[in-house]
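One structure is given below, encoded as structure tokens.
Letters A, B, C and D mark the chains as written, and numbering starts fresh at 1 in each.
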Amino acid sequence: MDLALIVSVQVLYAVATLVIISAGLAVIFGMMRVINLAHGEFLMLGAYSAIFATKAGINIWIAMLVVAPICVGLFGIVVERLIIRHLYGRMVDTMLATWGLSLLCVGLVTSLIGNTTSGVSTPEGNFSIGAYSVSFYTSALIVIAVLLLFAIRWVLRSTDWGLIARGTMQNPAMADVLGISPTRVYSITFAVGAALSGLAGGLLAPVSGVVPTMGASFIAKAFITVIGGGSSILAGTASASALFGLINQLATFITTPVFGEVALFIAAVVMLRMLPQGITGRFFKGSL
Amino acid sequence: MSTVPLLETRNLNMRFGGVHATRDVNFKLSDGELRCIIGPNGAGKSTFFKQLTGQLRPTSGQVLFRGQDITGCQPHVPARLGIGIKTQVPSLFNGLSVWENVWLSACRVYPKAKALEVTRDTLERVGLSSLQNSTTGLMAHGQRQWVELAVVIAADPSLILLDEPAAGMSDQEVRRTADLILEINKSHALIVVEHDMSFIRMIAKMVTVFHQGAILTEDLPDAVMNNPTVRQVYLGKKAA
Amino acid sequence: MDRRKFIQTTAGGIAAGTAGMYGSSALAADDIKVGSIHDLSGGLDIYGKPMVDALTLAIEEQNAAGGLLGKKVALINYDSQSNMQKYTEYAQMAALKDKVAVVHGGITSASREVIRPVLTKNKTLYFYNTQYEGGVCDRNTFCTGVTPAQTVQKLIPYSMKKWGKKVYVIAADYNYGQITSQWVKKYVTEGGGSVQAIEFFPLDVTNFGPTIAKIEAAKPDFVVSALVGGAHMSFYRQWGAAGMLKKIPMASSTFSVGNEQVVLAPEECNGMVLSYNYFEKIATPQNKAFLAAFHKRFGADYPNVTELAMGTYQGFKLWAEAVKKAGSIDRVKVIEALESGISIDAPSGKVTVDGASHHCILDVSLAEVKNKKLDILQTFSQQAPSDTSAVCNLKKNPADNQQYVIKV
Amino acid sequence: MTAFRDSPWSAVLVMLLGVMATLAIPKWVDDFALIQITIYVVMAILAISQAFIWGFSGILCFGQASFFGLGAYTYALSVINMGESTLPVLLAIALPGLFALLLGYFMFYGRLSDVYMGVITLTVSLIFFNSVNSTAGPEWRIGNAPLGGFNGIPSIPSINYPGNPEDTLDPLAFFYLSAFSLIAIYGGLRWLISSRIGHVIVAIKENEQRATLLGFDARAFKLFAFTLGGCIAGLAGCFFANWGSFTSPTIFSLAQSAQIIVWVIVGGLGTLVGPIIGCMAIQWLTTQIGTQQTFNSNLVLGVILVVFVLLVPKGIIPSLGDVLQKLFGKKVTKGEEA
């Protein structure tokens, strides 16, 4: 019985991780149709800012939940102003520019901070379910993922900024006519997306070795989750994370972690073929 | 003339969610005929047109070309059977020259040498020979409509479907398009979807009036003009 | 648009400028050239950097003491960027273009197996200074790193005596992990114990949740880890976070090689037992002098001189000794000098080249991780590379050129 | 002169230059540089396959590394088992081609948009990378050739003259083989592009809907182009395995796919010569960076890609074409570059 419990906790943990790492991308790609291949590096920068903040004496939770998002959010604004702004509407060029940006970030961080793996230890201790012990941090991540979904939902649905942002994305010209400057909304939305990625990086710092090249392992999964999810940001990301998280963890338990990854990718390819518009292209139509 | 109609639809239906775009449309067209389809916006003209070209898969009913069922087939099949299609918004190979656009259409049907000759004749026929080297993407809207016409007839289809060929044209250009269509009708059957009544009067032989997804009436242009229901539904609003 | 045209021309200028800057570094004609091919960027840079630092120090010390055969020794550095194609390119460049006297390089066994055939074909002497799974038998190659018969053979009996007989093995999924785990299994069964399971992980896996649960279910007496690389660090972190360190002790054949004990918090790795040739706490005078020189050269806050760094330092010293003995840098003469049994008093104790297997006889110590430091528990002097010498004798058949995979 | 009419002359010119270069290089270059240039030529073949399917057929494929790797592994595994290299070379072309056919059918007959195709092809190359990366165990072997997982397959026998396995190609002969293959493939592709099928493929890239309405089954033409691209990339993989007599899973990695894309963007999308030059320039630059410790190679590649996408979106060759055109003021109503 305990094993079943542990497996379900692991599955929830995997789903929570997928939600957290793809939330930022869902905003940037889901809403703005900007394909940000530097998303992995935004995560890495978030992890590093959390580590430096913790080393500078800030409480780890504040470092992860506040410092990391703010740093990467600011970086997002700079990136949007310098690069992304010129490329709206040119999807392939944005893909290539952000790919260049990701290589650039990895190179910059490696030369500045060097390559020794840094990290911060996982806060809080652990508790045990039957014979198995689970770290508090894992359950904290699950809770944070759920809160994150509701927070995004609240911002988008019931704040005027959320409404303006959604409106502008759907029809920038219309927003212009109504006196809202799309350029400002675009840069704010991109910054929010970057901040969410920074938050994800911060949250994952304690559980993974933070190296300049850590972004690569997240980028593919984040993209598959967002694209698999489909047009509506929240319902799509949540449903895709649940599906892919489940497949990944079950395959990992049955075989090895490697085939867990391969199973995830194969499931994604097959699903994209069956539902070209993603899960919310067919189900949960019209939800946020 | 064989008794089998060139094109026939049997109670064709199309539903988008709640909207019932075409309702049990039974339509017949014989060889060499020129038929116009008119109707107010939202009467289902374009939906009907897209069902014929295979761009939309009908919810129910059949589309028969020379008796062969082509309902909901792959979009490239009607063209192979000899149906030339001109879409509402001119859809051309913008990066290529006029010559190349027309040549591509011809080369699917004719061997290499014949294709060159057909291309030259078609451009001659539509009066675009002088513009054959210019890039289609950079040309004026009217000219692009004619290029698309040339592209369609280059493949010598037995039936040509035109969706609003005169849209966005000056009167003088509309006049020239009408002459072109009449000249084309000498060797090809045509269905023209249009709502510009003056253009219809220039070319039409038989007119089919669509209203709320169904055929209201089929008659000669003058008869259609004076038909009270048509006037009330369609011309009445405009005349008032 | 003028602005854009202006930017395009300057961009073109910059690109040309940077390209021009890459002339070859200043190399006098008659310098003795030593090639170094290590990963200084990409996933494996945490191992490469300390190795190149140690090699630089060794060469600077050599030049300070009058160079070699009266000539200055020059280091040519190639960053293989954790990319196998670059390893092949640079091995060819070192052998054919720069015509170096010797190449020190290769970190993973994969990279060794790329450059070894190239260097042997192009007759350039090759030193592989990393601890590895053993079995390489090639007259043109000298392996100065420790092999399982020297380290694992000490680590397993000690751990079994201390913790018990049921062992769970986790290893990096490439030939190092595969073969080392076989050696662990051999010594565990010889000691009367049993290996419950062996699980392999590719180098980029970071989520070890399910694995920790499986280990808990198996309830082993201790775990043996042969994990490699920055990503695998997260295993130790998740292991500590799940509070497993207190429940199930751990021994490792790769921990601290990438200075993991400095990065991780004490409660994530204290008590781990390791076995290597070199630890900073070795109390020989040569080691004290070496550490003083190292910290003077690379800064006092240098985290920790790793096993691989010392392997590279000793590798160069052995080669230099052989050149002095042979009186020339000619490949065959140096090989014969090395095969005659060169030995040096290195910081890790006496290191002697075993002529038959081209491996080294050296001291091996057991140590325990305690608050980011490695405390020595036991030292075994002059351990022979018995695993490789059992299958490889280059004196009897010098033409042998392969890696024996030991059937356990 | 529109895109089609000027192609025969520029093609012949480029091929002539290629042949002259191939004959001249071995004369005034030492054998190390020859081996270096050989790998540039091999990578250029890979670049051409990407340039053809992306630049001319409009297929956004981010996973060309999958066919490249498949070609290398197929050659390695079959030549170790068979000894004689002629059949393995053919297999190294056919198998990736077959895989491209299957993957292409899976994608093109599913009405997928460009972006989705980019992500799927990228994911497929990651599937290859992860699967091959985990075959280090002794049980993973085909015949007597172990797959070797992360450490790859070392000491792969090189291509031999058809008939006798002993007589293998020396670096010079291998250079000639690769260079003339590159020239032949370049010529073949230019001929194909100016042929009827080529026109239709380019037309489909311009406007798929109009091509369909003209009666061309766009999916079949794209599948043909994609499969051809797969075969060429497979051949490049076979030559790559031959060049270093080694292959490892990193051949499928994200970094490898990224490099291919950078070559085509820097060289010039929509041309074949551009990516060849872009590929050789970038390869040379990354090797130089490796020997100098000043810059990190990722940093330089990243800057190049960002700068080119923002400032020189058409890549070197088309931009040069524009500059030359403005300088010599040729009155040309040029639409898309050849």
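The rule is short, and it goes like this: contacts are C-beta pairs under 8 Å (C-beta built on N, C-alpha and C of every residue); 3 or more make two chains touch, one makes a residue touch a chain.
It should be emphasised that the depicted structure is a prediction, and the values quoted were computed from it without experimental measurement.
Participant: On the document's contact criterion, could you list the chains that touch chain B and likewise touch chain C?
Facilitator: D
Participant: When I count C-beta pairs in contact, which pair ends up with more: B-D or C-D?
Facilitator: Comparing B-D with C-D, the pair joined by more C-beta contacts is C-D.
Participant: Roughly how many whole angstrom separate the Cα centroids of chain B and chain D?
Facilitator: Result: the chain centres lie 44 Å from each other.
Participant: Chain C to chain D: how many Å between their CA centres?
Facilitator: 36
Participant: Centre to centre, by mean C-alpha position, how many angstrom separate chain A and chain B?
Facilitator: Once rounded, the distance between the two centres reads 49 Å.
Participant: As a quick test, compute the distance in whole Å between the mean CA positions of chain A and chain D.
Facilitator: That pair's centroid distance is 33 Å.
Participant: Which chain C residues sit where two or more other chains touch them?
Facilitator: Within chain C, residues 41, 173, 200, 202 contact more than one other chain.
Participant: Quick check: what residues of chain D touch more than one other chain, meaning two or more?
Facilitator: Touching at least two other chains: 130, 133-134, 295-298, 300, 304, 307.
Participant: Where in chain A do residues touch two or more of the other chains?
Facilitator: 107, 110, 216, 256, 258, 261, in rising order.
Participant: By the document's touch definition, which label belongs to this structure's chain graph: line, ring, star, complete, or other?
Facilitator: other
Participant: According to the definition already given, which pairs of chains are in contact?
Facilitator: A-C, A-D, B-D, C-D
Participant: For chain B, which residues are in contact with chain D within the complex?
Facilitator: On the chain B side, the touching residues are 53, 74-76, 79-80, 85, 87, 91-97, 99-100, 103-105, 107-108, 112, 133-135, 137-138, 151, 155.
Participant: What does chain A use to touch chain C in their complex?
Facilitator: My answer: residues 3, 6-7, 10, 13-14, 17, 107, 110, 114-119, 121-122, 125-126, 128, 131-135, 137-138, 206-209, 211, 213-214, 216-217, 249, 252-253, 256-258, 260-261.
Participant: So in the complex, which bits of chain D are touching chain C?
Facilitator: Answer in residue numbers: 30-33, 35-36, 39, 130, 133-134, 136-138, 148-152, 154-155, 240, 243-248, 250-251, 255, 285-298, 300, 304, 307, 311-312, 319.
Participant: Quick check: in the complex, which residue numbers of chain D touch chain A?
Facilitator: Residues 60, 106-107, 110-116, 118-120, 122-124, 126-127, 130-131, 133-134, 254, 258, 261-262, 265, 295-310, 313 of chain D touch chain A in their complex.
Participant: Along chain D, where are the residues that touch chain B in the complex?
Facilitator: Touching chain B from chain D are residues 2-4, 196, 199-200, 202-203, 206-207, 209-218, 333, 335-336.
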